[in-house]
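Two complexes are shown next, each including subunit A; its partner changes from subunit B in the first to subunit C in the second.
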Partner chain A sequence: MSAAPQKAKAGAEKIDVLVSAVVPLNDLVTRFEFKRTDGKDFPPFSAGAHTVVEMQDEGRTRLNPYSLMSDPADTSTYAISVRRDDQGRGGSLFMHQNVSQGDPMVITYPVNLFALDLRARKHIFFAGGIGITPFMAMIAQLERSNGHWELHYAARSPELASYATELKAKHPSNVHVYYDSENQAIDLGHLLEGQPLGTHAYVCGPAGMIQWVHTTAAELGWPEDNVHSEEFLAPQPGKPFQVRLCRSDITIDVGENESLLEAMERCGVDAPFLCRGGACGQCETDVVEHSGTFDHRDHWLDEAEHASGEKIMPCVSRFLGETLVLDR
Partner chain B sequence: MSKFQFPESILSRPVYGTLAPRPGKSHLMIADAEGAEALLELADRDENLMANSHIIYLPKDTGETYVDRLRAAGPNQLYVGPSFAAATQRIRHVLGQAHMGLQVYLTGTEGLIGQAMNEATAVGIPHTAIQTEHRGSVARRMQCVHCKGITEDVTTDPFVCSHCGLNLFVRDHYSRRLAAFQGVCIDAEDPGNVPDPVELYS
Partner chain C sequence: MTIQFNEETFRDDYSFRNSDWAIKRFPFPFHEDSYMYSVNMEQHRGGPAGSVYEKRFDVDEHYVSEMRDRALVLDDDPLRCQSLPHMTLAGWDTLELIMVSKSEDYPDLFELHRDGDQWHWINRPMGIEQKFTFLDETTLPCGPLEYITRQAQGDFAVLDQRDEMLWMDAGMVTTQADWSLDFDIGMNFFEWHAPVPLAHEMGIFKRALKFLLNIQQGAPARRLNWTMTVNPLLDTSPENYHKWGIQKTQMTPETIGAKQHLRVELQTFYRLPRSNALLFPIRCYLIAFQDLTTIPKWGRRLHRVIRDLPEELATYKGFIDNRPMMLDYLSQFDDGQPTSPGIWPDLTSEPALKK
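Our next item is the complex of A and B:
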């Protein structure tokens, strides 16, 4: 009974839900809880998974990935926490301004690109700001299996440190919180150096923090396989460009404020995707012909692939120049 | 000849690299016989490496050939022992006390590399993070798939299982868990029809 439904269309299978609660946590972050419209249980998920939330914003479909932060053992509810980004593309603002309790929404089956490595002797979590969300689920999962973990959580100020108080109250000896406003900082080198063999580190937060953890760990001789990270990129706006999709036999225009993937979807092309944030690799597309410059922004392709001009990740990457022909 | 280029084989067969110094505050090096040469070359490549290194060395039939040179390379600790079994307690103790960032270097025969690899992965070091370099004998540690007994230092194919006496064909099929290649009865259909043994890779 565990098999997911057969995939007929791009993206993970969808679930109709009702917003069961909207809980503002502080000035920037609000938690949204969902129940299934059909009253059934949600599929179980492994901690670290995300769901893609579909938002119907005045004729435009927004699809944003959010980490599931509820207890994976509770299949009656899924919860996400959304940080409002006033400078963003509008998805998080839509959630904050237009979504209320009782609203019907569509979300996808969970997809996990940031799973716990259960072979680990110990798990050490590094969270920055809203990056706390996947760790909420991971902590719940590890508490049930008696896992050995600790959390180092950096936030701007006590007011903006979502869930810090509740985590600290429940797990006083495992949770360490650091506030920028009080000039506190994670003593990363010292922490990484002292871990027992078989420890796995996980980081979720701003790009700079993720880079910092990877670099410091590598300098201290940590194996690459023991450091896990997740960063969803929001597609950045850019100059409009034109693309020829040779398999679909159409030429489409990509607007300034939409991604290549979104433009393809708008024109009715069923392009594959999962995370929509440059991390999962699902939307990888072959370039048939190009004359111009790629603006690669994903974490999936390596440098050589970026330089080759043979592949592009349409969820976040763009193009500048005369012609671009894709095998789609 | 201490270096041997193994021909390409099935996916199961381990492949070995060349040891290179890696960043880290402590280093564990486990070697047997001619593996000492790889450690000496490693020491030449980074003059600061040995001061933070613990060497566990099993000379086997090379006797004293390399011991003085290893000592002269200046490791923080050097243990010279008669067998892997004799060194196992020490290896476990070192790994038990170690922290993340420990670098593990394994060199010498396949039996040594495989068994030491098992000790290191058992404490949570991913096998992809452990460096290996084959040196010396191409002898293999073989498991008889029939009686499950292990025969060490097998140099011919076929060979006789040291436990049950069956004539075993030497396969490239390797078990990481057992740190041994699989030996399969070669004359099961026609008992006594056993090809003449040939030296491995001769």
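Our next item is the complex of A and C:
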């Protein structure tokens, strides 16, 4: 059956925007606000969603996912907050150094891989550093629907704790902030133990923190499905390597500072993707042949699949060795 | 084009009829001379002008009568519409999607005026005018899902998405092909599909679920499904099987052309923005064999598909006993000539029946 055959495009639908505000929050974090170029309203979104921002960096297209942190009920503006990563491949540096108010940009429709479980009697949030952003939208959404929530937010120091002051002022009894610089730490075991039945926990922050929350919750007998996490993996730089794409019938080089997915796109291969952060599963690709070692960095494939050498997630994972042939 | 709404019934005297317009735009589901289950999904981004694929929610000549039939079913059995408590936001999403789409796609029939959360909805064909506060349930006569799906053709399943799975946690189901919302409520994608033969073994549901979980806002999808119904009944529910099941045994070679209907479901899939739930509208189109076979290509092809359909599918779809009578009837319309690929009637290019 095909009423009107159309070729599916990779990635989510796009929206043309103008940068309506650039607001530095502290040494590391800046908020970027967008309005639609056509003057219309944005689509509503569900808290926890992200958008992929397209950056035109000297002839090279960078696509980075950022959590939408604005109030989902406010369809006039979308906002993201970006932490500068001096060690990364440059997406966040580009945002900090090259993007100013009035610039045209392209972002995608919202995609949610970190949704609230709306059945929950209570939501308990654990944020580490820039991991605060999705919770900004979640709190706004739950405030509107009279949801029951509390936030535990760990940051390096009061200066670097983006939005802590504002959150604390608005919701003094729901918000708890912990500063490394003052040797404060989340008393996780105690907090998880004391929750009413039907509570869901959410964590967003560094990999270690996510692991810590999952492990502690499991030890305390929390059902796995009641603990939610999101970690966007920025693709990490690595040694260049060569790949043969057998369906496209080309061999391509993946440079040190680009991901395998980006290299495919640069060579005109229309490869599927959504999150570009190893979380959604959309870019999953079959390995036809290989001799060498994979550097799997995604959250999608399980350990057995990683070990099998039969699949790779090109948005974040890399390869080292002689030959790699992919079914793409 | 303005639509002339039919005055017709889907029960008792069965006065349901398709006009010539409705016959030519019928969503014929077979793109080739055979049929097997597949992951037959494509994007839902419009289609040829006048076709049922053109608009987001197709409105046709049966609209007003179908809505009347729905109201009768709900009077008898309010459990045909259910929504678990966490699905209210998805109900508002559904209401917003349908009101916005219909008012944009059919401005002469529907109007929506929005001033912040103060909404004003006008449905001309049904003579409804409603002012309400968006997201405030107390300002509507019933819940948002029930309110809007009493004004939209087709069934609606609303699926919550959690833990890499879809859950049937809300819906409005009065025009279904023998399944029950009250039975399926709270089930997951694999559980409610359990009765379907062969497709599980073929890996179809695993792949279909993966596809559905990844349907994104602004990028809806669609597929067709089909079955057979004796008499133009919208409500072929398990709850009422005692009323309609027996009608399958009351068909004769003389009445089959008028009584036997091909039932096609245009199924669409929308990611809902505020709740992140998935909306699954299932729009049912009925056509009598005697009308369908006026299109030479469709007559030839339907005969071949029904003749060669695997027994498991004919059994599951409930027409295995009537298949010989159907084939006797349909063979009159198959002269053995080849058919053109695709679902369209191709009236000008396909040869007339040579018999």
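Assume the second predicted complex is superposed on the first by the 320 of 328 C-alpha atoms of A that agree within 3 Å, B and C clash if a C-alpha of one lies under 4 Å from a C-alpha of the other, contacts with A are read in each partner's own complex, and residues count from 1 in each chain.
Note that in this section contacts are C-beta pairs under 8 Å (C-beta built on N, C-alpha and C of every residue); 3 or more make two chains touch, one makes a residue touch a chain.
Keep in mind the model is a prediction, meaning the values are calculated, not measured.
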item	value
Touched partner set for A:237, first subunit B, second subunit C, both or neither	neither
Touching partner for A:24 - first (subunit B), second (subunit C), both, neither	neither
Touching partner for A:45 - first (subunit B), second (subunit C), both, neither	second
Subunit B versus subunit C as contact partner of A:111, first or second or both or neither	second
Which of subunit B and subunit C A:225 touches, first, second, both or neither	both
Greater residue coverage of subunit A in the superposed arrangement, subunit B or subunit C	C
Which superposed partner A:119 touches (first subunit B, second subunit C, both, neither)	both
Contacts on subunit A seen with subunit B and repeated with subunit C across the two complexes	119, 225
Subunit A to subunit C touching residues, read off their complex	1-6, 8, 12-13, 43-46, 48-49, 72, 109-112, 115, 117-119, 144-145, 225, 274, 280-282
Residue numbers on subunit C that touch subunit A, as the complex places them	27, 29-31, 40, 42-43, 45-48, 51, 53, 84-87, 89, 96, 135, 160-163, 210, 214, 216-219, 222-224, 273-276, 342-343
Partner subunit B, residues of subunit A touching it in the complex	119-121, 192-199, 218-226
Complex contact set, residues of subunit B against subunit A	22-25, 95, 98-103, 123-126, 128-129
